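Shared between the two complexes below is chain A, which has chain B as its partner in the first and chain C in the second.
And now, the complex of A and B:
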């Protein structure tokens, strides 16, 4: 992965210094010195070794845009993204799963049709457009919630008011992402539960005279929720990169907004650092999901 | 011989069509899609492309930020351009990119999937390792990075979406090829002296094509949504605006704080409807290709 990242960016970006010098007159000699200082006069393979060493010591270079080290820039923005995506992942998981359970258990009723078609619609719209609509509705027209950012500018708040202010700013982007991710959970829960519902052991449970609720909660759900848990684990991989456009819409100062800004530059060191981190988190949670599944479902044997 | 296979193919196509026609969902999707496809194809007949040019719009004396009531049918934007013209021309780009990017996905995915599945052994192991490695790289970030490296153009977006989304297609096709390969007619054909190429073209491909088609139809909405996100993030071509690009311009020009809903609602609704139409068609095709799915979806 690291290796791919290096070469990917090296393909086009033959001279990173040209970016820094853009539009400025810098003596030839100084340019050569700088190039040597950055190691750009070395052969590609030596550069690659440097890159490996620097990456493992978390030195991801300097952002063209802010002239700050990429790593500290990323770390500064990480909490905002984690808060936004963590809360919406949790809400989407809970509401989506609940919707899926209702839809499957009451299959082919109006509830099922309502939930299934609703999730299909939410699944089909661009998440940032949903954000734009909610923003206009709740902030511009109704004026209930702030239009963006993470806190009211120009006011210093402490204690409870500060928390409330933060939550107010969080509401709309979190709501957008929750709605956007809900559909996936509902669909997976529904189809998995429907599959379990056709199994013999449920008929047996019913024949024992158990109440509908007990059959559902004690017998059907534990098996049916396995794929949902895996989905949730996999989705956690996107906890860093899942809201690039939505963060941009709400000017939420997280990693997604940083990506959107880095594209405009384009700020290659920043993009490179972000991409490395995004991929790393996805790969990590992929592994985690595999291990989790093995642990939760004894029927799966190690391949 | 050839006329016999042709006849059989025709019968199969007719059977699929009659199954498709009986699905309300599939037909609704198809009708919606035909409406939008004709809109996209007939764009030059509906509005002249010069309406997208701010200089022309100003020369025509269009008002700025006019609501649909003041400037039919969909109002104007900050550069005095007709939003309707942008909608019509945007449908062209969005649909074309969606279909073309999926074609790239299919081409890469099918090639790798068929080779891996058909050859088996070490080739298979190597190709699948490669695929898995690509599979775990997050789709949108990869597309963003590739697009910003390659530069802003429609063709780059098509290429980038294709490159970032082929792995699951390759896996799917490989598993299909593996099951078809076990079937008796492949052995029979081989014992009659058929070459690999003949077997792939005449026996494997026709048998996996139904599934490929269904999945391609389901991949198009993903490509369209990806294009929208990339354009919204500023990676689209400003000269040839898609619906995503319109949304970006609406966002950056401050249409939202002005509550100029006519600027950002139509493009989003267009995306939503087209994506839904493709999903409905794709699901119907999938149910026909794999009846076991039946009512589960």
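And now, the complex of A and C:
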């Protein structure tokens, strides 16, 4: 993964310095000095070895753009992304699963059709477009919510007003991502629950005279939710990579925006650092999903 | 059969879920009703929206327009530019030149102080000149590389240039406070990696807070020496970054921000708003379709090297259509490059070189020059009947109009029997193929600086395979470029520059040139006193020295709603000697982030624990 990240960005034949110099009359000597300072005068393989050594000592290097350590650049933007993507993942998980349960249990009724088609429509919409629509609706036309950013500019808030102000700014981007990802959870829950509902043990449960809800909540759901847990864990892994388009629409200063900014240039150290973090988080949450299975699925323990 | 036992429990569970849904909905709705501001304070805040982010606020590391706007406000130069871009006093109140024009003696204003109260003396100037050369500060070196400086007393600096420099006595480089920078900028590396958030400067406003990808807040400098007649009416300027231009325009309409650089597509909407003024300003910049002159490392299609073909192509491009349809009328057709922001450096153009759209003339020129379509496939061939005129046009996907202009261009060329293949590349790749000469035509643009040397240098032979994006040169232009660099008589220098530009114009390398307006919009119900730079047709913000900010006054009739701020007054600028100090990136938004993240993590942990425990308890039961 570490190696892949290095070469991925070098496939594009561009000179990071050319971008900086465009339109500026800078002495040749100074250009060469900068090239040397960034290590760009070295052969690619030497650059690679240097990169490997530094990565393993957790030195991600210095951003070409800001000239600050990549690590601190990433850490400064991490909280914004975690908050936005975390809250929307949680809400999408809860509401999506609930929708899926209702759709499966009441399959082929208007509720099922409403939930299935509704979430599918939102799932298929490009999230930035959905974001623009919500922005126009809630911020421009109704004027209830702020137009992007993470806080009201030009005022100094502390305590509860600061938290409320922050939540107001979070609402629209989080809502966009929640609506966009409802479909995934709803559909997976629905199909998985439908599969379980045809199992014999549910017929047995009903035969015992249990109420419908009890059959659903105590017998069907625990088994049907296994794939949903997997999906949730995998999605958590992707949280860090942010939502580039939605962060741009709402001017949310997170890692998605940092990625888009780093591609201009390109800012190799920043891109490598970001992708290292993204891949690490996906791997970590996959592991988490596997471990969780040990507890959730008795069959796994036997293996 | 414990069914009775189960029923109430399941009901509460379902009710519990419903409660969560209801609670979340209510919370979301009530949130939208929380008022934004809670109390009032007499602080006049100007909020400027922009869609360009900041990489850094250190002038030795950055170069973006968004960053320059901050530096121009915070750091004065020895001299600055007046609204007509001519030299004007800044830190220096006067200057005297030696007979040979190589040595200039500057007298600083009396009683200059940095924003933190430290005296600003001639030593600061000398240290900046010497250190910028030694540490190669990249925004200074072009101005200072040939200079030596001596402080003869606290208010006098003697600057000597090793070569005749026609830009003197203008010395507008950013002067950093020595007492802040000397300890941190110990070599080239530390000078560039310093975060520069100290907020100490000598300009009208100094940095107070930087929130990366969000905003830059600047406060009025209590120790600013001031320009003639200016008394800043704005206490605080906030530059607010928008990831999305449409959202920014909406914010302007809503009054969340007071001014912004807007996209052309927004002009029609904003012009109908009685409280918004749109200003189309020109700073010399333009976009062109460039034809490969064929003198670079790689050769284009041989027809491109024939001036007659280039002339025909120029006639075939409907530049007015580009202005009307793509710039929404916010631009003007130009026939000659502007080597400087200052129009005095741009020559008149011979009418024979002003190619008004006329495809018939274009076809006639090609016919007469022998480029005929011998096999009737709609594409002309070279005069010897071989090598059909099929050319590659590079579309720079990072420019707004690149794609549209590429398609229009292909259509116009088809009408005169030239087939165009569009090749889409990003800016960096485009830059690479241009330097290699590996193209026939491309669309891009230039923004000149004040000094015409920079723009002229693009077209000299030394810049082939580097900045020369014409892949063309002329020895006469090379000579004129060298001559004007050391010509101290301004009238003589102007005529040299005019001649050099005319030589380039005659070669017909750049066609379809449009000088696009930079579009500023501001709320006329909030602030007044905006000035253009240059005076006649320049923009009101993001200019050479951005004089507007220090001249703005709030509109008297109605106190600007942006001045409503809650609670404390700790951020107000202090007395003359207490510094408005710069701070590290803000943490209040971050604090809320971490609060929320903590809550989320707890929620995930709780759900996981719940699932696991229920699974376990069921296992035990079984």
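What to note about this one:
Following the convention adopted for this analysis, the second predicted complex is superposed on the first by the 254 of 303 C-alpha atoms of A that agree within 3 Å, B and C clash if a C-alpha of one lies under 4 Å from a C-alpha of the other, contacts with A are read in each partner's own complex, and residues count from 1 in each chain.
Here is the rule we use: contacts are C-beta pairs under 8 Å (C-beta built on N, C-alpha and C of every residue); 3 or more make two chains touch, one makes a residue touch a chain.
Small disclaimer: the values here were computed from a predicted structure and weren't measured.
Per the definitions stated earlier, placing chain B and chain C onto a shared chain A by superposition produces a clash between them. Counting the residues of chain A touched by each of chain B and chain C gives the higher count for C.
Of the two partner chains placed around the shared chain by superposition, chain B is the only one that A:124 touches, whereas chain C remains out of contact. Look at A:271: by the touch rule set out above, it reaches chain B but stays clear of chain C. Using the contact criterion defined above for the overlaid structures, shared-chain residue A:211 touches chain C, although it does not reach chain B. In the overlay built on the shared chain, the residue A:238 is in contact with chain B alone; chain C does not reach it.
In the overlay built on the shared chain, the residue A:143 is in contact with chain C alone; chain B does not reach it. Of the two partner chains placed by superposition, only chain B is touched by A:283; chain C is not. One listed stretch of chain C collides with chain B once both complexes sit on chain A; from 80-88, 242-250 or 494-502, that stretch is 242-250.
Once the two complexes are overlaid on chain A, the chain A residues touched by chain B in the first and by chain C in the second are 12-13, 132, 135-136, 140, 147, 248-249, 264, 266. Considering their complex, residues 12-15, 18-20, 22-27, 30, 33-34, 37, 62-63, 65-68, 73, 76-77, 79-80, 82-83, 86-87, 90-91, 94-95, 98, 132, 135-136, 138-140, 143-158, 161-168, 170-171, 175, 208-211, 213-214, 217-218, 222, 225, 229, 236, 247-253, 257-258, 261, 264-266, 292, 295-296, 298 of chain A touch chain C. Remark: chain A residues 1, 4, 8-9, 11-13, 120-121, 123-126, 128-129, 132-133, 135-136, 140-141, 147, 191, 194-195, 237-238, 241, 244-245, 248-249, 259-260, 262-264, 266, 271-272, 274-275, 278-279, 282-283, 286 touch chain B in the complex.
Within the complex formed with chain A, the residues of chain C that make contact are 1, 3, 6-7, 10-11, 13-14, 17, 20-21, 24, 28, 31-34, 36-38, 45, 47, 53, 55-56, 58, 61, 63, 136, 138, 141-142, 145, 188-189, 192-193, 195, 211-215, 217, 236, 238, 240-244, 246-248, 250-251, 253-254, 256, 398, 426-429, 431-432, 435, 446-447, 449, 453-454, 457, 562, 564-568, 570-571, 585, 588-597, 600-601, 603-604, 608, 611-612, 614-616, 618-619. Residues 136-138, 140-142, 144-146, 148-150, 221, 225, 228-229, 232-235, 244, 247, 250-251, 256-257, 259, 261, 264-265, 268, 271-272, 275-276, 279, 296-297 of chain B touch chain A in their complex.
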